[in-house]
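Note that the chains are named A, B, C and D in the order they appear, and that numbering of residues resets to 1 at the start of each chain.
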Amino acid sequence: MEILGLYNYWVFGALLMIGFFALIARQNLVKKLLGLSIFQSAVFLLYISLAKVEGGTAPIILDPTAAEIFSNPLPQVLILTAIVVGISTTALGLAIVVRIREAYDTIEDDEIRRLDRRS
Amino acid sequence: MYIVASLAIVMTMCLALTRALLGPTVYDRVLAVNMFGTKTVLLLAVVAFLNGRTDFLDLALAYALINFIGVLAVLVFFQSSRERAAGKPGEQR
Amino acid sequence: MAIVLDALSWAMLVGGALFVLIGGIGALRMPDFFTRMHASSLTDSLGPMLVLGGLALQSGWSLETVKVLAILLFLLITGPTATYALGHAASVAGLKGGTREYRASDPREPRA
Amino acid sequence: MIVVFSLFLLSLLVVTAIAIVRSENLFSAVMLSGIFSLLMALNFFILDAADVALTEAAVGAGVSTVLLLGALALTPTEERRRKRERKVAATLVTVTMIFLAISYASFDQPRIGDPDAPVHRHVAPWYLEQTPELIDIPNVVTAVLGSFRGYDTLGEVYVVLTAGIGVLFLLSAGRPGLLPHRREPRIESSLKSHLIPHVVGRVLIPFIVLFGLYVQFHGEYGPGGGFQAGAIIAAGIILFALLEGEGAALKVLPPRVLVGLAIGGALLYLLVGVACMLLGGNFLDYSVLAADPVTGQQIGIILIELGVGLAVTGTLLSIFHAFAAREQ
């Protein structure tokens, strides 16, 4: 049981590296962006995992006198805002991809570089 | 009993995910995503009862309302890509 | 009375879970798209009805019941609509029914 | 027992992520990332983060899929097939090594859920203890978001706004004016011809917007707040745009209004902070807004949540319309 308490870290590592792999090894720019958002989600997962307290519940204190255990609100606040920021930055990335496609007629990284070299 | 129900739902999610991975047509994938969404609503509701925090049913309600948009967006996407493939006049690409 | 309601709600929960599972198996094992859709769409209505009905019985008569019933209502409206729309799109695109495996001539992924 | 679910759902997350990276068709990658988002929300929920799960639900189910599809409509959906390159193999080895290193390092980390972990020993107990006393709202997450760490949130709102402005700049190049203008009527891709989805969707829109408002103003008492509400309302209006065609949605909420909402919301947040300074407090110290400091805090939080909601709705809808306008 003790070892299972570390499982979230491993999943975090795996997701982080899957996203990183997509970012480096895939040539397609949209795929790179999807990899970036997986990378981002890995970080979200790490923060929320850290916020968890055993036997706790979400930090909404309905009855201040009751002695309940609550999970840590701070990482949740950070990630809550980060999710919305994440979608807007992904949109920014997609906008850049759309413009690249209009200029080069391709969204493959190596082809773009080849076209750049030729001109 | 909540446990039994949620286990069955998680198993079903697994099956739906397998269908999404296998495909083979794009419609199978959309179907799997739709199924997965319904199962998510159910699991959220059951786990809210399991944990005794029924004030969190809002989450399931949010998914029940919003999941539909994804499927409709896919349909609009199909429709517009079909129109584009048919080469409608006035569509410069 | 309470024990009857309790037993009924447990039965509904387990029954609903069973139907959900059957739908999942059907969606995985059926041979082509339309039969898969058949399996998943029917159970996507019946399963939530039973599961959420069971939950509503459990919660007694409170705000939770209203929320559970609202979730059920929205699922019952949107689920079949999504299935209809998807099936319509698939048939317009020329996907044929019939118990056979996927063929290379079927429209696969849309190209932009 | 819930631990088993948690492990299972986390594993599904990894499987889905691998499938996203492996699939060669970008459309199926987008569909799979929809499933990824659903799984993420479930994991957040099981890890006791109801607010975060609601945010992921609001953003992931509606807005994110629509934006990705909007971009895919403008780019090829098929990834070019290529032979396995040496670079890929090298990357795979490197990535595996780093993964193993992270896993090895995890043995020195506190177990998940350990109440004595350093994270839980820092400011968090103070927040949990002081919120009922200083702000007196049940949802500690909203209290920390709005009041204790109001600076952070202000910054995040401006990041969202900046990203939105960036998208508008990038996608409006080559046409007159920064905002996408009303265009000639044309054959639009809408679902008008599909009777059943059209009717059902129209029934649903008021409920989505109503639910968004509920999430906005119930955020002090349950999971919710400006970020979630903004995303949900934006999703509702995007549904309208999908059903009636994008032009009809622009007629109801013209681009100017959307940009006005985004900027107005962000300014409202800033002005609340400035008002606090003018009334003799610190920047974003809402205690001075009313005679009673606790009431002042509550008023401040409601105002800034409103600002956040407006800014997020305006920005997300502007981004959506910018992509849709580029399509022609």
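Methods note: a contact is a pair of C-beta atoms (placed from the backbone, for glycine too) under 8 Å apart; a residue touches a chain by one contact, two chains touch by 3 or more.
Just so it is clear, the structure is predicted and the values come from calculations on it, not from any experiment.
Farthest chain from chain D, judged by C-alpha centroids: C.
Which two chains touch most often is answered by the contact tally, and the pair is A-D.
Computed from the mean C-alpha positions, the centre of chain C lies at a distance of 28 Å from the centre of chain D. Put simply, the C-alpha centre of chain B and that of chain D have 18 angstrom between them.
Centroids of chain A and chain C (each the mean of its C-alpha atoms) stand 30 Å apart. Taken residue by residue, chain A touches two or more other chains at 57-58, 60, 62, whereas all remaining positions touch fewer.
Touching of two or more other chains is recorded for residues 25, 27-28, 50, 72-76, 191, 194, 197, 200-201, 204, 207, 222-223 of chain D.
Shared interface positions of chain C, defined as residues touching 2 or more other chains, are 74, 78, 81, 85, 109-112. The set of touching chain pairs reads A-B, A-D, B-C, B-D, C-D, using the touch definition from the header. Listing the residues of chain A that touch chain D in their complex gives 2, 4-22, 24-28, 30-31, 34-35, 37-38, 41, 44-45, 48-62, 64, 69-85, 87-92, 94-99, 101-102, 106-108, 111. Taken in their complex, chain A has these residues touching chain B: 57-58, 60, 62. Against chain D, the residues of chain B that register as touching in their complex are 3, 6, 10, 13-14, 17, 20-21, 23, 26, 29-30, 32-33, 36-37, 40, 43-44, 47, 50-51, 53, 55-56, 58-59, 61-63, 65-70, 72-77, 79-81, 83, 88, 90-91.
Here chain C touches chain B in the complex through residues 10, 13-14, 16-18, 20-21, 23-25, 27-28, 33, 36-37, 40, 44, 47-48, 51-52, 54-55, 58-59, 64, 67-68, 70-71, 74-75, 78-79, 81-83, 85-86, 89-90, 93, 95, 102, 106-112, going by the rule given at the top.
Interface residues of chain D, counted against chain B in their complex, comprise 1-2, 5, 8-9, 12, 15-16, 19, 25, 27-28, 31-32, 34-35, 38, 41-42, 45-46, 50, 53-54, 57-58, 61-62, 65-66, 69, 72-73, 186-187, 189-191, 194, 197, 200-201, 204, 207-208, 211, 215, 222-224, 228, 232, 235, 238-239, 242-243, 327-328.
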